[in-house]
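In the two complexes below, chain A is the common chain; its partner is chain B in one and chain C in the other.
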Partner chain A sequence: MSDMDSQRRQFLKTSVGAAAVAIAPGMLLFDMAHGKSEAVSSKVRWGMLIDTANCADGCNDCVTACNKENGLSGGLSPTDSQWIRKVELKDMRSGRSLALPVMCQHCSEPPCVDVCPTGASFKRADGIVLVDKHLCIGCRYCMMACPYKARSFVHEPLYDQKPDVPRGKGTVESCTMCVHRVDNGQQPACAEACPNKSILFGNLNDPDSEISRKIRTVASVQLRADLGLDTGIRYQGL
Partner chain B sequence: MMPTHSPLQFKNRLFYALVAAGSLVALMGLYAVYMMEHHGHIITGMNNQIVWGIPHVFAIFMIVAASGVLNVASIGSVFGKAIYKVRAPLAGLLSIAMLAGGLTVLMLDLGRPERVVVAATNYNISSVFAWNVLLYTGMFSLVVVYLWTMMERRMNTWSKPAGLAVFAWRFILTTGTGLIFAFLTARQAYGSALLPPMFIVLSFAWGLAVFHVVQAVIYVWNDKMLDPAILQRKKNLLGVFVIGSLYMVATYHMTNLYFAHQTGFERFILRDGGVYPSLFWWGYVLLGNLLPLLLIYMPGLGKNKCVMAASLLVILGAFALLYVFIIGGQAYPLNIFPGYEVSSSFGDGQVAGYHPSLYEFLLGFGGLAIAFLITAVSIRVLDFIPHDKPYIPE
Partner chain C sequence: MKVLLLSLLLAVTPVWAADSLIPKLDIGKGGKCVEDPQWMRMNHMHVLLKQRDETVHKGIRDGKYNLKDCIECHASTKDDSVIARADSFCVGCHSFEAVKIDCFECHSGKRKSTLARKDSK
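Take a look at the complex of A and B:
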């Protein structure tokens, strides 16, 4: 082997090594950025069953957990975002009072998705309704269309956002059903935080899931069922 | 009448002063946009309950009137009435000007106005907003073509088909504007199939009122006198449109009053809601309809000044009605839990408060200023002034 040859081999080896070192972190990041390779499927429909009988008056743990998880300020002014809120109800005839949390109902026929001019409001195959923060132009038509007042508009500049929960001034936002947790096999923050386990999260399409079995055995209702939106959130004891 | 030298010079200066004033108002609108962009919508009075505010009142007035003003052109081109035909170019110009002003306000009120191009590149066909993007741009182009066929002698033969196309398009366009609200199924104030035809009839009255005001100013500016016979016909038309719109608005409220689940809302908007019933009865019904009708039809009245006053009042009434309709409609709480008294930290069960800020008015008036500038400059450089032949009753 000539001197020339060995030099050439040495050069090739070094080049390949250097290229590998240069590309590897990029590949790793690329993989991380793309997360799971399989897409969400419509075989799953995420939903919640909320037991209003167990929802304690004055308890706000689900709201606090949501604010913490998603980096919301927790402010209560009319311009602050509230993804989940406790609503106190009193039956006008009987006087019976109860309380329950209201958030995005993740409709299977969401009016917000219908009216959104750019398609920023969209429904994932697994039933979670989201806002694409890159497409939202901030027209607020979805807020006009939502029967549950589930959406908030970001009125002010934001600081210290959570990396998993993109938000943006001038765009509309709402409960994401903690999609970043659900995709990692965890429960939404509100369901996890409820001290009385009043929020049951699960797959409505799986007949053997706990939520499906419970919905078969107890009476539950959808809010404004007359609108025919087929919500993913159901309420027991309303 | 030959104007003498010095009044002409005075008018010249006045024209530039008016253009400068209009530009200043438009610039103040832009300043409001800059502030809203920088600080966010927190500096407006809008919030998570009242999501559309004063800018939308201005924008929707201009867009609806832009469609209605074309009525003048349609009566000329489609139905062949000579006195309207000579006014068609001015009507077309006013339509373009108001459409531009209204759309500018609507666009600059967006949370992310710099993304307006996204509305063109990402298109959700089930959204009536997205349809309106097409309807507005189509209307703009059609009216430009229509003006061209009227003002370019060689294209005159095409002005009738172009007029027909504009005639059809503006009906669809105002239907689209009404549908923005008609498709809101969950809100008590909206979600009614009556809204598109109601907006169409309202557009007739508002558009004609704007036309009257502009025409009167042009005639005074040029020391011309409007033929009393023409004034007579046009004021009668305004009267008919005002009666028609009052009828549509009354029908909308009467049908609501009949539905038990809507009576709460009607009580709020017509009686108990504070500023909203006041604006409705005093602003819209009395000042915006009854007084103009009196000015038009009362024997002895109905002269030039009365028609001008009636037109201005109709425009004032339009703003009152839109304020009640858009903001009052959102202020009334959504009925998520029928049969329950509700309360929450997010305004459930409560009438929402709204205090419009100066920035919203600056933006709204900025839009009006844009419409004014387009009109004033166009009339100066092109021949938009109606030229009546000696009038012979048809």
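Take a look at the complex of A and C:
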């Protein structure tokens, strides 16, 4: 072995050692600083039960509240973001009509997560399906995969976003179940805004929560249950 | 007198020259930073990056290196922003170092407490 080679090896050995010493205290400090903060866990699964019988025709309060909370324009053109829509259904035979809000259904087997090539689409441990916009490349596969048409793409540069809801051009976005509010112990904006209290938000994994008790006693369905996605949003009276 | 002034000027010049190498920033409210300021100058990008993943994926929102907390202290007292002017807290250094900041294409550069007060009015 030449002299040059042995010098090179010695240098590499010492620099690896130095790097380990430099990194270790930083990691220790970081762990200590974050000791108290708790990550979300799968003991909780957030969900909603929407009572379509109480959802008033012509009322748009949940949509307005969502737009206000998340800083959406409220426009309805194909290039405007819509996180929640009021869908009106009418059975032509009987004439029965009903209206219901439809947003991201927060599936436990989300197709948007399956197709995402970068890992930007993900499901949090507590069941909330989100887009990590730091990783999103704007390919929009998730928009094609979603059977509920729940996701929107931001086409234009945005200004004056809400501090709690970062949004930006070139990324896909959808209902976050107001994750910034839920993490602070509040309800999603739509559930709070509904004048008839037809959106019940709660923990599906807790058998004593109001939503779990109601799901046990009244008939409710998941949209497109045939797809087996196990959605977190359920509808009553559909 | 003239000689005295000239010698004073000469004595002061090196200090003034060193100062001019650092961009003059509007540090907003300022106060005590979560870390030593010199350490933050070198490492803020790393801690912000780590914190961002913890927040987005694990929902940990009370971390020490929170972008919103940075803005809360360092947004200008004049326009409540860290990016509005050439000497704003983030823009000042980043344009001096020629490093593009992507953060504020999505994140708000305004102080949250002031925005909340305006909203409630």
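Keep in mind that, in the parts below, the second predicted complex is superposed on the first by the 200 of 238 C-alpha atoms of A that agree within 3 Å, B and C clash if a C-alpha of one lies under 4 Å from a C-alpha of the other, contacts with A are read in each partner's own complex, and residues count from 1 in each chain.
Quick note on the criterion: a residue touches a chain if its C-beta (ideal position, glycine included) is under 8 Å from a C-beta of that chain, and two chains touch if they have at least 3 such contacts.
All values reported here derive from a predicted model rather than from experimental measurement.
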Partner chain in contact with A:E38 - chain B first, chain C second, else both or neither: second
Which of chain B and chain C A:V179 touches, first, second, both or neither: second
First (chain B), second (chain C), both or neither touched by A:K90: first
Touched partner set for A:L130, first chain B, second chain C, both or neither: second
Partner chain in contact with A:K169 - chain B first, chain C second, else both or neither: both
Which superposed partner A:L223 touches (first chain B, second chain C, both, neither): first
Between chain B and chain C, more extensive residue contact with chain A: B
Common ground on chain A, meaning residues reached by chain C in one complex and by chain B in the other: 157, 168-169, 171
Touch list for chain B against partner chain A, complex: 37, 39-42, 47-49, 51-52, 110-113, 115-116, 118-119, 122-124, 126-130, 133, 180, 183-187, 190, 330, 334, 336-337, 339-348, 352-353
Residues of chain A touching chain B in the complex: 76-82, 85-93, 102, 111, 113-120, 135-141, 143-149, 151-157, 168-172, 223-224, 227, 238
Chain C to chain A touching residues, read off their complex: 50, 52-54, 56-64, 68, 71, 105-108, 110, 112, 115
In the complex with chain C, residue positions of chain A that touch it: 30, 33-34, 36-40, 122, 124-126, 130, 132-134, 157-158, 160-164, 166-169, 171, 179-180, 183-184
